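Shared between the two complexes below is subunit A, which has subunit B as its partner in the first and subunit C in the second.
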Partner chain A sequence: MHSFGYRLNALLTFSVTILAIICAFASYSDNLNLPSPSAQIQVLNVNWFQKQPNGDDVVSLTMNISANLESMFTWNTKQDYLKVFVFVAAEYETPLNALNQVSLWDGIIPSKEQAKFWIHTTNKYYFTDQGSNLRGKEFNLTLHWHVMPKTGKMFADKIVMSGYRLPEEYR
Partner chain B sequence: MKWVRNSVTLRSLQMIAFGMLVSTSLVAWKAMVCFSGSNSPVVVVLTGSMEPGFKRGDILFLSMSEDPIRAGEIIVFNIDGRKIPIVHRVVEVHERRNTGVVDALTKGDNNPTNDRPLYASGQHWLHQHHILGRAVGFLPYVGWTTIILTEKPIIKYILIGALGLLVVFSTG
Partner chain C sequence: MDWQGQKLSEQLMQIMLVAFAVAAFLAGYFLSSFQLMLIIYAAGVVLTSLITVPNWPFFNRHPLKWLDPAEAERHPKPVVANSKKKAVKSH
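Moving on, here comes the complex of A and B:
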């Protein structure tokens, strides 16, 4: 009953159980954090707006994206590379589709110091439609963030900014 | 166990204990499947295509609900003809007005382009039936045991052999 094997087994079982409990507490502590993020996106220019050979519309935009996500960072968020995955999506509807979401840009916020950012960029990914419904289309731009904890439950949220509109004609 | 007098009783007790361990694990697994709503409630991250968020060897907890797929969600999906499921993020969503059917496009965070080249030939979008679940939580590093056992099967045989020897040579 007191052999090395038994003692090692008991010690390991106990340690793993404690570790699991600590991980659960760490994850729960994220629920107590009350974040207050803010974001703003300006569409500076519609660079080009074409219909592809397959019939789908495609647009290139230049945007200013600014956001303050400092309140997302808790002690449980990863410290080294990634903590928050941020992306901007265009959301709009068409006669065929009740909802379309197209990701235009994404980035990684590696630390709290970089959680307040401002960038000037063209869309990283193609803004394309299923079809050619984009002329004169009103759309929302949503800034999403996904928070990766050191361990446990991931959470995500978004800010929706509306009032954007594509040109009536291709250019 | 002083009251155990003969080795037959002891052996039976050992087998019952082992059987209980196996069935408890099975019940726990099935409970996870039921609770998460997914047939694969836990997956191991096998590639670096979602770094730096998920690294090889991390474990993901999945959940599946009737809620429609939305951009930004990290999903685990199967491609027809491929055995191993892929864990990537949804970057495009198109939901049909009348049927509610959702076309989804995915991309690994660490990949330069979207997953369309990975889909089956002629397939441009993922649909609900390809998707095993959404990643809702994770544990780092814990999946390495599975990766090692799968990729270096010799270790699995060594472990089983050692366990077998232990059972045979233990006198209780």
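Moving on, here comes the complex of A and C:
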């Protein structure tokens, strides 16, 4: 500690170490947040339901998605373009696979004020099955979300909504 | 900077940085602002470096008191008998 350079070096090293520690604490503090998210999805209409020439089933749905994810936002949640990423997946079982997931809609919640949202939409991505397993199929609609933190651990969670069924006949 | 000054400077540096880190974290957490935490901590680092890095006069209050030359001559250093061998060894 006898020269200017030594003292400056010691100070910078120590301050960066402490900065890393407070960032770790900031990430840990996210665990103290007890979120109470809610979501609801209504399938308003099956627009069309077809078998493609290659044998795969394709469905077009109109959905009403409403969710309140305000409680997921903390002081350590990112404040720029990517904060909370949400997507709706249809999940169902087939004889070959215990879990099939098809992403139907996704979106980015840009701020806490917009975390309570409501959207009336058709499926943004094809709801298609590799095979013809969708007739009369029971499926879940699951709202998944990923919360991007400023520092530390990324949080992901979901709400599963069950009890949806596709029609028995193509239309 | 004298010996006591160096000790004081190092302790001041560590205590101030930790204190600013704690204050910054609490302010950021309770006011829900990550940016505020970073600003308070950065200000703390700048202030700490202004206080503890330059060689301020208050770090030089305990200068070493060397013996004056007359006193030193009265107590001559012991002369090493085989000085040539020692010199080789010490290199």
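Assume the second predicted complex is superposed on the first by the 164 of 171 C-alpha atoms of A that agree within 3 Å, B and C clash if a C-alpha of one lies under 4 Å from a C-alpha of the other, contacts with A are read in each partner's own complex, and residues count from 1 in each chain.
The criterion applied here is as follows: a residue touches a chain if its C-beta (ideal position, glycine included) is under 8 Å from a C-beta of that chain, and two chains touch if they have at least 3 such contacts.
Source: prediction; values computed, not measured.
Visitor: Between subunit B and subunit C, whom does A:A10 touch in the aligned arrangement: first, second, both, or neither?
Guide: second
Visitor: Counting residues of subunit A in contact, which comes out ahead: subunit B or subunit C?
Guide: Counting residues of subunit A touched by each partner, the higher count goes to B.
Visitor: If we overlay the two complexes on their shared chain A, which of subunit B and subunit C does A:Q101 touch? Say first, second, both or neither.
Guide: After superposition on chain A, A:Q101 lies in contact with subunit B alone.
Visitor: Applying the document's definition of touch, where does A:K112 land relative to subunit B and subunit C: first, second, both, or neither?
Guide: neither
Visitor: A:K150 in the overlay: touching subunit B, subunit C, both, or neither? Say first, second, both or neither.
Guide: both
Visitor: Contacts for A:A26 in the overlay, against subunit B (first) and subunit C (second): which applies, first, second, both or neither?
Guide: second
Visitor: Examine A:F85 and indicate which partner it touches, taking first as subunit B and second as subunit C; both and neither are also allowed.
Guide: It touches subunit B, and subunit C stays clear.
Visitor: Subunit A residues touched by both subunit B and subunit C?
Guide: Shared contact residues on subunit A: 150.
Visitor: Flag every residue of subunit A that touches subunit B in the complex, lowest number first.
Guide: 23, 27, 80-82, 85, 87, 89, 95-103, 106, 108, 110, 125, 130, 144, 146, 148, 150-154, 156, 158
Visitor: In their complex, what parts of subunit A are in touch with subunit C?
Guide: Listed in rising order, the residues of subunit A that touch subunit C are 1-2, 4, 7-8, 10-11, 14-15, 18-19, 21-22, 25-26, 29, 74-76, 79, 150.
Visitor: Spell out the part of subunit C that touches subunit A in their complex, as residue ranges.
Guide: Touch residues, subunit C against subunit A: 1, 6-7, 9-10, 13-14, 17-18, 21, 24-25, 28-29, 32-34, 37, 41, 45, 48-49, 52-55.
Visitor: Which of the residues in subunit B end up touching subunit A in this complex?
Guide: Checking each residue of subunit B against subunit A gives 51-53, 70-74, 89, 91-97, 100, 103, 107, 109, 114, 135-140.
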